[in-house]
Structures are given as C-alpha cells and as structure tokens.
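In the two complexes that follow, chain A is the common piece, with chain B as its partner first and chain C second.
On to the complex of A and B.
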C-alpha cells in the first residue's frame, strides 16, 4: 500500500546531478559469514568516499546474511599491478564466474608481485582463473567483535531470502487458492442465473 | 521472569509504549523513502534501519504483552490516537526532503541512545536486558546518521544550508521527546528506573558536539507543555496513524 506522501513527490533540485552520482567510485566488498570462515567476494557498491562506502556496506552486505567481518576497498586496487612495498591480502577466483575467496596474506613490492607470491604460496600447481590483491593500508576492515555488523537482537528472518520466500510463497498460495475459489463461484453463479 | 509489583504496571507500560511507539512511527515514516532515497545505497541503508526500528518496536510491544497479556499486533495497530505515546517529531512530515529526514533521524536516534542507556540500568531485569540489547544496535543507527550530518554539513554550501534549515525546522519538536509520560515519578521513587532528569543536557551536548563539528548549529531548548507522551497529538500523527492502521483494520484478527 503506497503512502499518501509518495503519490505527491516533489521534484529533486540541487547541486548533485545524476551524472555525479553515476560517477561515484565503485567499491568491492568481501564478507565473512562467521568468525574463522573465509572472506568471500560479496559484491560492489557505489559511494562517494570510503566513509560512506563502509557505512553503506554495513547496511547492505552486512545485513544480507549473518556477517562477522566486512572488508571494503576501491574496486581498482584489487586488479592493480602497481603499488608499494607492504602487506597485501590476496584472493583467488578458482573458476570463471566463481566468487573470489581470501587465501592469505603476502609481503610484496606491488600488486603484480603480490599476485606472483600468491601463486607461489597458496596456489602451486592447482588450476585457477584470476587473482586479486589489495594493500592492507587501503582496505577498510570492520570486525563484529568490536563493531556490531549483523544485528541479532530481534528476529532477522525477514531479511533472509530463504525465510522470506518460504513465508511469502505460503501466503501467495493461500491467496491464489482463495481467488480460484472466488472465480469458480462467480462463473458458477453466472451459469446458473 | 522477575515479577513487577502491581503499582508499577501502568507507569512501566507507559514508558514501554513511549519507546515502542517512537520506533514504530519513525520506522514507518522512514520506510516511505524505500525506492526514493537520493542514491541507491542510501536507499538500501535507510530501509534496513527502518526495518530495525520496527523490529525494535515489536520487541517492546512483546514486553508489554508480558504485563498486560495483550497481543503485540493489537497493541501496535488498534489503539485510539490518544493512547499512542510517541513524541510527534517522529511523524513530522519530511516532505521528501532528505535533509529533513536526516534531521528527524538525528534528533530521535541520539535521544533513543540515551533513553535506552538509562533503561538498561532498570531494576526490572526484563526491561534492563532488552534495553541493553537494543542499545547495542542503536549505536549503529547513531553512527550512521552522524556520518550523514557531518558529510552534509561539510559537503557544499548548498548541502550545509539545507541541513541547517532542516535542523532548525525540527528543533522545536525535538525537545518534546523529553516530555515525561504519566506515572514516571512512581518508577523513579520505586527505583524501577533511574531518574532521567539530566538526559536533556546529555542529549544536547551530544547534538551540539556533532553539529559543531559539521559546521552546523542545533538550537534546542527544553520545553514544557502537553504533547505526544500524554496522548495529545497533532494532525500529522493522526494521518500517519490512519495510514498505519489501513491494512490492519481490514481484518484485525488476521495472522500477519
């Protein structure tokens, strides 16, 4: 049911143009489902800066499913080959179309070196599709141990696709069954009278 | 569950209704932004926070049920207007102006932070433990809206002046959040909840600190008078209530 306010929307005005919004940097988000689990590529989001990116990631990817840790970085750093000497988190996509998963940490001179070291230390002879690396100093890391991400105070099942779809399917089935009966009765009455 | 002496029943229900009704209506108003917020991720985030607020409200209605035995849905949706105890700022229309929505959210979220902190020291343990759990989530809400205030305050001249205007518009209504519900003195005297006499000061300091940092100013002052906490509501609240009850009233006994 639409609220009355929504049927009378004002036109947006102001400095921010649609072009500017479209040009927001893209941020790549990794989530960890529970402590000790592997960080998996969750998706991306558009945000004007790192602060907004982490704020949005907490609500978007952090509330999709139980989440104990979020890593967020500008999209381009993951594929970059340049960079400086530091610690890199490295991620492997084992098959095309698969999700990148975190495999470990390497000390490297730049992105290319991090990827080479990733092969040496974590992949070996195994087959893989692509590698991403991210300098630790650029990644934003949020840990639920110190900073709550997934909210479990109240029943969160409505946020989960599986809980939602089951309940909604049951309700629709009931409504459709009711509608079918109504339609049948209507036609039945028409035939009779 | 720890038994609460009969004499405290009505006063504590009033306090619980203040929290639950604030959160239900704020969540309801904010959910109007779903699909309409200025940027996609802000839309997802604001919707997620509204869901939280409504879930929190429902937890408080469930706590009321342990005292009165009423069904939480019935409490939430089938009272008369003068039986709702939210402060009217939660239903003050934002005219789909994002700065307005953020100003309303800011005043209310920071207030809720201090209120839940107080309630988490209640000597009635079911309330203390619920307030403590919800408080942990309220911290996230406050962080979120604080970020918005800072970014809009320091964004551009345009965003700063719009944010300032919104803070000014909502300031007079914000103070009414502090109106005392009926019977709260009984709870102070009975040491059920701690006296919240200086909560306004704490709240104002917090609001001032954030707005100063953002290059903004919140002109808030204590007010007196009878308002939402005593069931006296303006037209905007009544409109919201009708809207909220629209679906429920089609079949009050249905299981949703």
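On to the complex of A and C.
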C-alpha cells in the first residue's frame, strides 16, 4: 500500500514554503577494500557533524562492495597547510583524474610541512599531481575487524552485478533451448501431418 | 539511471577567456588530458560541467521516485531487497553528483530548490508512468541499460571529479541492469500472464528508451563545446544506434515484440503495430528502427507529460516536510513543522 500522504499530494507550485537550513559541512572519505590494500579516495559527502558523517560514509561508501576500512575527515583538513605538530597521513594523486591514494605517515609541524615531507619520503623525483595530508587526531578510522562495515553476516549478492550472472545465464539458455524445441516441433508437425 | 548531456552553453561565454590560456587548455583536453577543479578552465567549461552534473544529479533522485513507490509491492523478498538497494544507489548517485556540481560553484540547497520550482530539469524519461511491476523490470533493464551505455562514454570525459564519479556509478548500474535482465527473463520464461505484463510494460518503455539519448544530432555536433571539450565522447545518435543494436535482438530473443505505439495523455498505450522498419541492415550492420515520437518528447520536456506534476509534487512534499529534520540535526532545534 502507498501511504495516504503519497497518493494524495498537495498540488503546490511556485516558491517553496520553507527556508533552507545552512549547508552541511563536507567530509572526505577514503576506503580500503581488502585488508592490507591501500586506502583510496572514495569521494565526499555532506553531513552536519562527525557522527552523521560516519554513519553516512558507512552506508554510502561501505556498502557498494566489500570494505575493510573507512577513513573520514572534514574536507578542508586534507588541503590545509596550517595545523600543529603531530602525525599526518599523506595521500598522493599521481595524475590528474586519478584518485588520491594513501602512501604513508609523516611526523610534521603542520599541513604544509607534512606535504613537503611526503615528497621527501614517498615521492622523490617522481611526477605527481597533488598531495593531501590529514592530522591523525582529526581523522576518524573505522576498521571492520572490530566494527563491521560490509554486512558479511548475511548474503549481499543481491546488491552486486555478479550475484545475477549465473541465474541470468541459465534463464537465457532455457529460453533459447525452449525456442529451439518449439522450432523443432514446428518442423516435426509439418512433416508428420 | 542517468542524464544525457543535452545541456547547452553559449560558446560566446569563452569571449572573456584569456586566449593563450584557452589554447593551452583546449590542447590539453584534445590530447586526452584531464581537468581538476583547481586547474584553470574557461568559465564556459565550468558552467557547462556544472549544468551537466546538476542535471544528472536531478535525474538520479527523481528517477528513484517511481521505483521507491514499488518497494512495498515487490513480488518477493529477494526483489524487495534488490529494489531497495537500487533506490539507495540511485539517491547515492545523486548525492555524489551534487557534490561534483557544488564544487563548481552552486550550493546543494540552491540545486535542490531549483529542481522543485522548475528552474532546472531532470531526465525526461521519468515523466512517464510506472503502473505495474513490469515497468520496474523494464526500467531496470532498458533505462539502466541505456544509462550504462551513456555513462560508459561519459567516464572517458575530461573532468576528473565527474569521471571518478561515473566509474563508481557504473559499477552499481551494472547491478541494476543485471537485476533488470534477470527480472525480464523471469517474466518472459513464465506464464502467459507474466509475458503479457512484460510486453505491455515494454511497449510503454521502448520509446522513452530510444529518446533517452536525447534529440537527433545536429550537423556541427562535434564542434560544440560538450564534445570539443570532451565532456561527451559519443553523439546521441551513435549511442541510440548502439542501444538498438544491443537490445532489439535481445528483446526479440526473449519473445518480446518491438512495437510502434500511440499513447494517451496519461502515457498508456492505445494502439500499436510491430515496428515496420525494424530489421538488421546488411549493408550498415546496424539495426534499422522507427524513431521515437519527437513531438511528444518535446511536449513532455516542456512540462506537459503524464507524470511531470506528480514527480515534482512528491519531491516538494518530502523536501518541505524534511526541513525540520535537517534543522534539528544541524543546530539541535526540534520544532516539528506543525509548531512553527
């Protein structure tokens, strides 16, 4: 059944009756698809605070395929050059159009220093497009070993293309075989009668 | 689902661009180079890319509306799980594309509001009705199938954030499409009643699927900004032909008949005949087919389609009713709409 509200919508047009709330801050998400793999930039999202950002990241970037770890931080920290002395995770986008990938950690004075150290320790004279850094104290890390992300306790194949390959194949074979049998019987009847 | 990039921009917008920078930019793009948000780009590129991403985002969230209506009526638990996941994916596609558009200079709120008030548009195929479960099967097979063809070419575009988003989206579209194919095959290997359900829905969706790729190409299609700057890498007609070559023989193999249909104002078929032009053209190697009804297409785009009003009314309803929730989670104020 459809809800009454949905089957009986007010027929309003023109300006909206509500003012909108302030824009939600943006968050950047990195995912690791298998334990031991590198963390890759997955994308961003809008959420009012860190708790909502984590819930949203779990649903949006953690359920499209198996995911073993999520890192989430306010978007501006990745490009910031200020900050304090601490451990920074550093990420390199090797070419324009590519995804930033996690290359390691550096001890640095601030964001700018982290990026410089990233070049020294992980890039050398290789070419790259951009570097991001994130202070470890601000980044939220969710690990599936202790905090399940991908819902592996139930079969998730229904939400993956590969979950249908076999059954689709079988149905095509059956339909084609059925058509061949029909064709065969058609001839059969013609000859016999 | 997705949008095709039939969003126009006036090339004169380039007049203010520094000619030297413009030349470097155009060469970079022509050589297959990619553009990131902080790189220099002509204002017209920014505008066109923004409109493309915004239109695409609008289409994703409006496209989820008719499908969302069918979750409670799915015929089995498996179908219900899959349809729920698909709707979640589509809204997620919208969320990612609004992020891309937002970075090009328009706020998410402005985009959501412009969609509802009709300032901006969404993909025309969602202005058609979805009266049976068969329509859900055909949308997933044909429209998501068309979207994969289109977005596969968009993933070779020039704007970094957009192509990264396309790659992620296409992986999920592959699930939508395979699930759609499974549903269509299930119906077509079922009872006469199931086959009839599929054929009726197919009749409603074949035309919108052909029109999905947008109007016929203009002679200078490749000179226009969208292609010159590699935002689009295939023309509407190329994509449409590819679609027919793939789907016409597949549909016929399942036992479906490709009809040319006349529809009433509510989008329901009133008469039909098998497509008289449909055949494999030995010379070209392509399938010949009857063009969709372009007069109807343009009428529906202008707002006079079977479901234009319903789709926007539902979007307006949830946006207005959800405002207090957004306010509450942002600043802790919890006044429900009836109290203010």
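Just so it is clear, the second predicted complex is superposed on the first by the 139 of 193 C-alpha atoms of A that agree within 3 Å, B and C clash if a C-alpha of one lies under 4 Å from a C-alpha of the other, contacts with A are read in each partner's own complex, and residues count from 1 in each chain.
Heads up, the rule we're going with is that a residue touches a chain if its C-beta (ideal position, glycine included) is under 8 Å from a C-beta of that chain, and two chains touch if they have at least 3 such contacts.
From a predicted model like this one, the values you see are computed outputs, not experimental measurements.
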Partner chain(s) touched by A:168 [first = chain B, second = chain C, both, neither]: second
Touching partner for A:24 - first (chain B), second (chain C), both, neither: both
Touching partner for A:44 - first (chain B), second (chain C), both, neither: second
First, second, both or neither for A:177, with chain B first and chain C second: neither
Touched partner set for A:55, first chain B, second chain C, both or neither: first
Contacts of A:10 with chain B and chain C, given as first, second, both or neither: both
Touching partner for A:153 - first (chain B), second (chain C), both, neither: first
Residues of chain A touched, compared between chain B and chain C (which is higher): C
Interface residues of chain A shared between complexes with chain B and chain C: 1, 5-6, 9-10, 12, 14-16, 21, 24, 45-46, 52, 59-60, 63, 158-159
Of chain A, residues touching chain C in the complex: 1-2, 5-6, 9-24, 26, 42-46, 48-49, 52, 59-60, 63-65, 95-99, 129-130, 158-161, 163-165, 167-168, 171-172, 174-176, 178-179
Chain A-facing residues of chain B, complex: 32, 36, 38-42, 44-45, 48-49, 51-52, 55-56, 58-59, 93, 95-97, 133-134, 136-137, 139-140, 143-144, 147, 151, 156, 158-159, 162, 239, 243, 246-247
Residues of chain C that touch chain A when the two form their complex: 33-36, 38-39, 69, 72, 78, 81-82, 85, 88-89, 92, 95-96, 99, 102, 107-109, 112-113, 116-118, 160, 163-165, 168, 171-172, 174-175, 177-179, 181-182, 185-186, 188-189, 253-255, 309-310, 312-314, 316-317, 319-320, 323, 326-327, 329-331, 337
Residues of chain A touching chain B in the complex: 1, 3-6, 9-10, 12, 14-16, 21, 24, 45-47, 51-52, 55-56, 58-60, 63, 148, 151, 153-156, 158-159
